Amino acid sequence: MTATMTSDYLSAALMILAGVGFALALTAAAKYLGPSRPSAAKDYPYECGSEVIGSPRARFEVKFYQVAIVFLVFDIETAFLYPWAIKYRELSCAGAVQGTTCTGGVSFFGIGEILVFMGILIVALAYVWRKRAVGWE
Amino acid sequence: MGFEFHTTSLQAAVNWARKWSLFQYPFVTACCGMEFMSVAASKYDIARFGAEFPRFSPRQADLLIIVGTITERQGPALRRIYDQMCEPKWVVAFGVCASTGGFYQNYGTMPGADQVVPVDVYIPGCPPRPEQVLDGLMLLQDRIQKGEGHSQITIAAERGYDVPIAAIRPKELKGP
Amino acid sequence: MAQIVLDRLTAQFSGGEIIEVGSSRGNEWARIKREAWVTVCKFLRDDPATKMDMFIDLTAVDRMGLRTFPEDAPRFDVVLHLYSVGHKHRVRLYCGVPEEDPSVDTLVSVWEGVNWFEREAYDLYGVRFKGHPDLRRILMYPEFVGHPLRKDYPKEKRQPLVRRQAGTRE
Amino acid sequence: MSDSNDHDSHLVPPTRRVVLGFKDAEDLDVPDLPTEPLPLNMGPSHPAMHGTVRMVLEVEGEKISTADIQIGYLHRCFEKESEAATYTQIFPYTDRLNYISPMLNNIGYAMAVEKLLGISDELPERVKYIRVIVGELARISDHLTCLGASAMELGAFTVFLYALKAREWLFELLEEICGARLTVSYMRIGGVAADMTEEWGAQLLAVLPRVREVMSDISKLLDRNRIFRDRMDGIGIITKEDALAYGITGPVGRSTGLAYDVRKDHPYLVYDRFDFDVPVGSVGDNFDRYAVRVEEILQSMRIIEQAVPTIPAGRFMHPDPRVTLPPKSETYNSIEAMIAHFKLIMDGIHVPPGEIYSFTEAGNGELGFYIVADGTGRPWKCRVRPPCFPATAVLGKVLPGLFIADVVPTFGMINMIGGECDR
């Protein structure tokens, strides 16, 4: 049991290592191989060739913030769907699962669980819709 | 600045890669822009030289193509965009107005973009035929391969390499 | 074919506002006194017989040294072209503007389109338009000094904003 | 930020009443923090700004509240150069005004000087026909460039390549007849530089069906394309009154419902001998401008197909030696021809003193030339009335209220050309 456990972690670790390593290698190559001559003119913000006017730190409309928050809620909702989808086969089978066949009868726990979860979020969506928090006008 | 190394074979390989993947910032202003469209379109296709992909931000471009007349009012914008590009960078003056101001010798027109930015290749013509533009691009690619671009020489001089063409521009190299 | 416009003008304005009227090479023109500039234009636009509803062009002419022009005449001329889409006729109005006080009333209240044309006439000739909402340079950059299309401004006198120091690579 | 605290301390922000709406909940007083408008630069060097216009937009979120349009980045001093050049030397400068249809500027300028000289009605018939044919050819390439570039700015890169493929065929034809693809300088005062041959006429008639096919491809791609229609319908509306007050003519003016086309209202050359329609829009939004230009391309092809077969034979230059250069063979053989040649080249054609405002239908509308002649070989003043200048001026009134993304199709459809707008 433990051998398979470590090999799972090993492949995951290798995957992470390769990803991070590749990114680091590229940035290092760019830093050392490429010429770097920083200068004030080069760091000047690019505004289509004109001089900079105003500042991006102005106070924005609140609807941008609302859209971000509402998106966050429904994004996390979809994030929770993934583990449920993976485990759906076990959840909807009363007994244990051998390979792909379910020994016990059908259980509605899997479906019920997600319907309750989605139901709550549908109510939230309805509230947001009615309050036009996500409207663009 | 990092560890020192100097190998012509690597530099030649890097220059070869740069030569065939030029990302251009099309600084288009005037009539040459119409001929620039023809060069970019399907018949005279600049994509065969790997230089077709326009990048409208100086941060992601290494070839500044000045297409059309540069007026005095456009000068600061051109200089700012040239400064905002990262090395190594090259400049092509597309058309006689960008090279010398053409037949607009008056109070409003700058007599050539090299009054403001160092130009590597000048393409004559008003507007130049697409074949002339491709010829100019090939000329630029040779210079890149030999490392004779303005910014390439500056980098090489700063890194203390033997600058390949000291003879061509002795006056400039003696400067600070 | 726009003779009717000139007749209406001379009939309507007899108090000396219309200095001179004429027609050359098919273009009918009238010289208007500077003080009556806006009233004449408003009349031309609103009068049903002329109905000059479309503004075509406004520019200025620097007549310094033009041999075919009397010496004592004002140096600048503001030239306005109008067109009537309904009657299909055109007229050209002149307004003399002396050199020492080159200003005339703006026509923005009559046709909005003159806004940019007047800004250009101010920018290139230095003719000021009294009452113009935002009279600033339109073609030349704000740091430019002088009015380039005047006859006494040399063609190649540049006023550069930025130059590269000679002899350096950068 | 420290400064904003002092800002709020001595100034109590205005409050806004919020009604919660559920049972027995009293209303709340919420501090109303106004959003600060953000100045945005759509600067001179911007792909959608044709490289020569700087728009300083005051933006609230995505919606534009004010738009200050700054032009002049391509002011190449056409008038100052024309005062220093003879009448014939000004032709290359007129090419670079509206540089996507140079031929139409040449025709406009040539006719203005011919009217000043008083020879415009003695022009050989053949010259009038050639001018109509190459003029309509230039109008087709003008609209193709405008449609292709605007479609590319909206993401339809295929339409751009189709339009440029068709334009290449037209450039080859122009190169065949006058040697240059873009800056043609084909007109002369009193005629054209070179004669039009029979084969060229046949080649032209052979190309038109292929251009029609490209136009149908473009229409298939765009006319009922959901994305294209959403970005063009009802955006950037110019009213007919604005068109009149600003003097907007051409496809932009006609899209507002103002049916004014110089070829129909004041026929010049031989336009009155051909029947063609003038498309007029109704709403004045971006899609109307697109549709008017597409229809105008088809109408121009109709004119060419009527003109090429019926072109009369004859001279392609005016016979008067004070206007036309003697043929090269004579110049080298007879002293009179050499003197005439020398005088014409050195101090230009002597135009009698006088003033003229001559107007023709160029790519973007009524292109006027106001020329003041003082009797010498050089004009005293040669003013160009640019058709796209008022169309760009009206943007300051049309853009507020639109989104930032709507600036691109609106500015593309106005077809502002730097050379013509800034001169």
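Every chain is named by a letter (A, B, C and D) in the order it is written, and numbering of its residues begins at 1.
What we mean here is this: a contact is a pair of C-beta atoms (placed from the backbone, for glycine too) under 8 Å apart; a residue touches a chain by one contact, two chains touch by 3 or more.
Being a predicted model, the structure only gives us computed values, none of them experimental.
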Chain nearest the global centroid, as defined over all protein CA atoms shown: D
Reference subunit C; chain at largest CA-centroid distance: A
Between subunit A and subunit D, centroid-to-centroid distance (C-alpha), Å: 49
Separation of mean Cα positions, subunit C and subunit B [Å, integer]: 44
Distance from subunit C to subunit A - Cα centre to Cα centre, in angstrom: 64
Sequence positions of subunit D contacting 2 or more other chains: 43-46, 72, 75, 77, 80-81
Where subunit B touches two or more other chains, by residue: 73, 76-78, 81, 106-108, 154
Sites on subunit A at which at least two other chains make contact: 48-50
Graph class of chain-chain contacts, one of line, ring, star, complete, other: other
All pairs of touching chains, each written as two labels joined by a dash: A-B, A-D, B-C, B-D, C-D
Subunit C-touching residues of subunit D, taken from the complex the two chains share: 70-72, 75, 77, 79-81, 83-84, 115-116, 118, 242, 244-248, 258, 260, 265-266, 353-357, 359, 366, 368, 370, 372, 374-375, 380-381, 383, 385, 389-390, 392-394, 397, 422-423
Subunit D residues within the subunit A interface of the complex: 1, 33-46, 49, 54, 56, 60-61
Subunit B contact footprint on subunit C (complex, rising order): 139-141, 148, 153-164, 167-170
Complex contact set, residues of subunit A against subunit B: 31-37, 39, 41-42, 44, 46, 48-51
Residues of subunit C defined as touching subunit D within the complex: 24-27, 29, 53-57, 59, 61-62, 66-68, 79, 81, 85, 88, 90, 92, 111-113, 115-117, 124, 137-141, 148-149, 155
